[in-house]
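Provided herewith is a single structure, encoded as structure tokens, for subsequent inquiry.
Chain naming follows the written order as A, B, C and D, and within any one chain the residues start at number 1.
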């Protein structure tokens, strides 16, 4: 079980990296990269909500699958589940660690929104793998988010140097940077993103 | 392999070959007046007064010698070293002065040591072979070879001051001038200037009266066609002059003519780390530059920038032609002004 | 006589950024000798087209930025040469041009030109060609069959499987050791002649145009992975031989990995970077979609390079926390 | 431009939506909603379906958050946004499927991820609750148009690239991969930045 979890986590960081191979969640990673102090906390939140989303997907799938409009209802149900998870975790944090929530609570919502609908591919991917695989993949996604944010933090610095052309300095160069890095990940998958 | 400093290709042989030539002073310059010499066995105060009256300036930084000796006396310097070598691929005035009259240099050094209370004196020559050729060093004056890595002045002083000694440099010409002032009551009115560089026909050392135009020194050495820049002071830390009628001073040291201008274009850092290896002060110029280029430099990350001695070894060695000394100086200024006061 | 003002210093050491990139370009050009002797002028025309494209792109970008269209050193020429040398000699002429143009226009100029690019431009160009036109990038002609490789036009040839492709399928390449050393087998134009590549590496290291530690660590890591996890049923040393001498691994070790653009600043960092890139190249070969993984691995290592720097700076206390942060 | 004195609100709304669509484009200037453009922005059908999906989710979500956002404490608003997205995504998806049949299958995860894309979340949670309904709607229209514009541009360029360009050159198989989307977005963002810089320079010169 542990091996299954580790393998799924490794896949999430490398060949099936959602951020660079797939391009999902990069908006959030870019924002996180602009605040290097919050990368760790954001990554933990992403891992937590990815875990919630994966388990929500696994739990809801048997209920949704028989319905005629399952593919329409699935994302909506998962968004509601993510909203509930957000409310519960935010309420808990406000009660147990009010100081922490005041400082870092604003990162909780985007993390929940970003990872909510990832449960759709998770559920499709890990229905065979089971809970351990889903958990491993969620944790791997947290690690991948940390990696992506850290890489982008340094990339943003490289993209704003004294020689860079004014129209490219900052975000445009960062997007090209992401594109080139995405090419490296595409070398693993040959361009086939798993979802 | 991991020694600090940088090895620069030297071009001094031609200038040193014929000793020091005397350049006739322009007719409009007044003759220097002499004064009453305190003579041998003078007290420290009398030596300082003689240095002041003679108007002796150190050739390496142009600072008045008397003031420096007084400061060293206050700081209780342990060691005084005569700099009889030139940290420069072209300049060799100090070396020529030592070759001409080592005894006078040593005498001046001893007088200076007496004036500032330094117990240890060292004559530092360019190389071991230079030391072997020395004659007439008095007892109590040690000798040291500078080595071939720039900036040898900084590196050698660190070696001499091992064990926590406080040491200081004094120029060879300043030593000789002090000896003349104390023994013969002669004011400092001339200096030895090296005329060299790719734009000069006959590189040579000239004894030049203060106030002589820089152009006269160059004409005496013969000027090639197509000279585009003339520099004084040093080929590493000096400055260019565009007016050749500027007068020679104690700190002129050299007049270098170059047929080509140094490359003005700088490339981005290639991360070779040569600047860090060249720096005698242990500064990491590439790290300072990186921090400055980040847009929001953090003063606490500008390590040791304030200890820069401005030797420009990093500039000389940088393959990208980046003005690192300027960057480090900027960082030092930022560091001095930029650390926010948390208690405020 | 008109004298000019200029800032000190007026003397500098011999090695300059231009001389370093010139040495790299010269070493890359020397790799064209063997293929030209073997297959005629086609390699020259491919390299020439790529170099011209790169120089043109750089000049155009200069114009667009309102500057004089100058070519900075030899970096763009080197990027063009490397892009061409990573492709098969029978590839259409526009392919190295496309790879070179991508290298300059996408991987180099938006970031401020050569020396500022966070990725090796040539690696980006090669990866771009591999992803967009894999069939053309990995189609090698069979030197033992009749072929026609005109200098400019389309080639006619019989395709052969390269040793790297055979290794990918778990098959052992049937090659003589001498052929492997001289590069007489299907593969990228400049990536096969191991002896010439070794000589180039030596020349670059001796004239201080490249750092040896990155290359050495890259090769050691790749060799260690090849020995520990061989892809074919053979002795570890045989696996190392085939892995290192097939495809573009050696080429990337000599020309792409030690390029100054994205290297870490410290010796330890460069060793780590090299080792990471070597291990990643082997991972790409084993798990990746293509037979060549080194250019992708170099891109990945380039992205990790600032993180290696940051970690080492923290270890050495050079990256103090900003003032006032907890 | 002359400001119509008697209809200041309409003018302001136009300014808001134009700014949100162009100068503060959510994708090119804000780096929001990158995934749908990079991963699924290939071909006109995909672009049309994604645009419909986005507009039809964004407008009601923004309106709902504008009307009810202040009823929730600030910390609970993200949950309200997620719930609103869940509710309004289903009819939007139905409409997209009706207008472009088969689009949901073709878009796959991109369609699901549009349900609560970062652009939508940021505007709905941050802008809508604190503005009046017309402003919130104008903002939603603006950024939806901005998203759709970029999406159509990128999709058209990639389609052209896939087919080998207008001159019938070699087909570039990589154009369908996310990296091509990011590269095109980078160059488009640079173009937008260049226009903004030129505009700023001109304004500086005039004023």
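Note that in this section a contact is a pair of C-beta atoms (placed from the backbone, for glycine too) under 8 Å apart; a residue touches a chain by one contact, two chains touch by 3 or more.
Fair warning: this is a prediction, and the values are worked out from it, not measured in the lab.
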Chain labels contacting subunit A and also subunit D: C
Two chains joined by the most C-beta pairs in contact, as defined above: A-D
Most centrally placed chain - per-chain CA mean versus overall CA mean: C
Whole-Å gap separating subunit B and subunit C, where each centre is the average of the chain's CA atoms: 46
Computed distance of Cα centres, subunit D from subunit B, in Å: 66
Distance between the centres, which are taken as Cα means, of subunit D and subunit C, whole angstrom: 39
Inter-centroid spacing, subunit C versus subunit A (mean Cα positions, whole Å): 33
Multi-chain contact sites of subunit D, meaning residues that touch two or more partners: 173-174, 177, 179, 183, 186, 190
Sites on subunit A at which at least two other chains make contact: 157, 161-163, 165, 168, 172-173, 176-177, 179-180, 183, 186, 191
Subunit C residues counted as touching two or more neighbouring chains: 106, 110, 112-113, 116, 128, 131, 134
Overall pattern in which the protein chains touch one another (line/ring/star/complete/other): other
In the complex, subunit C residues that touch subunit A: 61, 65, 106-107, 109-113, 116, 118-119, 124, 127-128, 130-131, 134, 283-284, 287-290, 293, 295-297, 299-300, 303-304, 306-307, 310, 325
In the complex with subunit C, residue positions of subunit B that touch it: 6, 8, 89-90, 223, 227-231, 234-242, 244, 256, 258, 261-264, 267-274, 284, 286-287, 290, 298-301, 303, 312, 315-321, 323, 326, 339-340, 342
Residues on subunit A engaged by subunit B in the complex (per definition of touch): 157, 160-163
List of subunit D residues in touch with subunit C within their complex: 169-170, 172-175, 177, 179, 183, 186, 190
Residues of subunit C touching subunit D in the complex: 92, 94, 106, 110, 128, 131-134, 136
